[in-house]
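The structure appears below as structure tokens.
Think of it as A, B, C, D, E and F in the order they're written, each chain with its own count starting at 1.
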Amino acid sequence: MKFGIMVNEGPFNHQASDSAYQFAKAAIAKGHQVMRVFFYYDGVNNANRLSEPQSDDRNLVKLWGEMAKTHKVDLVVCVAAALRRGIKDELLAEGFHISGLGQLTEIGIAADRLLVFGD
Amino acid sequence: MKFGIMVNEGPFNHQASDSAYQFAKAAIAKGHQVMRVFFYYDGVNNANRLSEPQSDDRNLVKLWGEMAKTHKVDLVVCVAAALRRGIKDELLAEGFHISGLGQLTEIGIAADRLLVFGD
Amino acid sequence: MSEEPVFDTQGVVRKFMFVNRKAPYGTIYALEILESVLISAAFEQDISVAFLDDGVFQIKKGHDPKDLGMKNFSPTYRALGGYDIEKLYVEKESMEARGLGPDDFVVKVQVVPAAELSKLMAEQDVLITG
Amino acid sequence: MSEEPVFDTQGVVRKFMFVNRKAPYGTIYALEILESVLISAAFEQDISVAFLDDGVFQIKKGHDPKDLGMKNFSPTYRALGGYDIEKLYVEKESMEARGLGPDDFVVKVQVVPAAELSKLMAEQDVLITG
Amino acid sequence: MLHTVNKSPFERNALDSCLRLAAPGSAILLIEDGVYAALKGTAQTAKVEAAAETHEVYVLGPDLKARGIEESRIIGGVKIVDYGGFVDLAVAKGTVNSWL
Amino acid sequence: MLHTVNKSPFERNALDSCLRLAAPGSAILLIEDGVYAALKGTAQTAKVEAAAETHEVYVLGPDLKARGIEESRIIGGVKIVDYGGFVDLAVAKGTVNSWL
């Protein structure tokens, strides 16, 4: 089955990005496809390559990037939400790219299920 | 009277930073002193100089910086919270600086009132 | 920058419902979900928007946030019709608990009881909560 | 980088209360407020910590977030005593509404009714909510 | 003491907790989405009317205006203040607690 | 249909709204701070027990474990699933709504 995922909060303050990542990992482990993760609202902060968690904590920015690479998951950061919040190309971690809000509608159409994680 | 202010959320997703700014502005207008604004949790995102709101929207990053300059308000971004979230010196807007959590306790001691704005 | 995959969506029409449950201005959800409603119109899908819980305050008449320096996005709800987004639902229970009535809204909406909104939700292909 | 002003705090002892109202893990407030409690200890102030509402879950025994990749900061509560932070209050009403009792907590706390916590709050110089 | 409540009473428990813990006679200021608690004719009105008998209850005008809430819809006994009034309350009432 | 609830029922109205709108027979999965709704002996228990009579109610095990909630304290009739089970529910139950 094909999944689309929407993430509405940045890492750390809320568990939303963690839950989305764990769900995506489990879906892939079961042989499903995660077509795209769409980062909206404060979710765009997931793409900040300067994020440096403590050494005994998880690093979601890196985990998302690795998942994108290994499993061809498209990581889209919404341009309008990102501009407001100061997430620009120069800040993007590997695996993420900035694109329009239309990518959310597109994945809503193309995926069998769209799951939203947020606050 | 001397005020200290703590801001727990970034601009945009929550009104916290707006409310804190409006309060600080009104306090200064009444002849009080705002000694320090301490940015904690996602509040550290207030310091991101790349933030670019739409032209008809307010720009809190800039507004805080201007207030700091005009009224000698000390804008402190918590180092531990900032490191996690990828807010580093290279990203800091004018008027902000990164320092330790002790600066929160210090302002709690030095100010007549500490007000917390958050989610 | 990674290459962007294009997924085949041609000729597919799905039922999308935006589920608006948050008060405006206290958080940005109301504004940014509205931006995504507008964009979705370009895809010629079957779009509806539900206002429930504090989401009913999003369409309260008379918003005026200029003293806060914030954008008044309220007129945009009236523009939705121009984008053929005409299925706007307000949950009756949420509206009444907040002391509001149909005349309080900036835009014409269908007020539906929870039981009916429940059925409408169950018919959707995609539910986007913001 | 701006110069950092130093405010004179010498010899001043104020009453600080940290007001912990949020559940752990769902949000980061529990963890980051705990970091600020620890730092405050270095300033030799009169520190107390109140757990109320979902904040009582912060000190529930048996936290184990390793499957989520998250840090277990639970042992830190037991370390507070070593920093002379010994005034830990749990609001009785919040605890009971959540089906918890004093044996559920990782650290020794004083369980106080709302009326008493209300008085303790009113005696403080600084209240920090996270 | 001054208590601020910035959450909608329809969505969260912040106002309930504030009312449980705020000592009689202390001041409560509704800000941000907390201003919806000041509306007449809602499922929350009775609670706030009762609170206004035992506490000083204030609501922030600019937050009402932003949300399109007419003054005529505000509970009697709840006073409207602007940001200057918020500052004055913080000065006059002593320690501030934010019910976030 | 699958409904997820990620908020504590003690703090927010998300669970109440979900129970008002979720059609009988649909599935409800408690995740993140929503897992506290699955606790026995709380002020919210009766509501969730009643929901478990008319809906399939699930709770996410890893979120229980993180928060130190023992399986023995979970309401009878609420089934514990892991993330794989969450995926299976999303596949089996059709459209997903998140009560954020």
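Keep in mind that, in the parts below, a contact is a pair of C-beta atoms (placed from the backbone, for glycine too) under 8 Å apart; a residue touches a chain by one contact, two chains touch by 3 or more.
Values in this document were obtained by computation on a predicted structure and should not be read as measured data.
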Topological distance between subunit A and subunit F, in contact steps: 1
For subunit B and subunit F, chains touching each: A, C, D, E
Longest centre-to-centre distance from subunit E, chain (CA-based): A
Interface with more contacting C-beta pairs, comparing D-F to B-D: B-D
Furthest chain, CA centroid comparison against subunit D: C
Where subunit A and subunit C are represented by their mean Cα positions, the distance between them in whole Å: 23
Interchain centroid distance [CA atoms averaged], subunit A/subunit D, Å: 32
Centre-of-Cα separation between subunit E and subunit C, whole angstrom: 28
Multi-chain contact residues (two or more partners), subunit A: 8, 12-13, 15, 22, 41, 54, 57, 114, 116, 118-119
Interface hub residues of subunit D, defined as touching at least two other chains: 25-28, 53, 68, 70, 125-127, 129-130
Interface hub residues of subunit E, defined as touching at least two other chains: 6, 10-11, 13, 32-33, 62, 95-96, 98, 100
In contact (per the touch rule at the top): chain pairs: A-B, A-C, A-D, A-F, B-C, B-D, B-E, C-E, C-F, D-E, D-F, E-F
Subunit A-touching residues of subunit F, taken from the complex the two chains share: 4, 6, 31-33, 62, 82-84, 86-88, 90-91, 95-96, 98, 100
Residues of subunit C touching subunit E in the complex: 22-27, 53-54, 57, 60-65, 67-68, 70, 74, 97-99
Residues of subunit E touching subunit F in the complex: 10-13
Residues of subunit D touching subunit B in the complex: 1-2, 4-5, 7-9, 12, 14, 16, 28-29, 32, 35-36, 39-40, 42-43, 45, 125-130
List of subunit B residues in touch with subunit C within their complex: 12-15, 18, 22, 54, 56-58, 63, 119
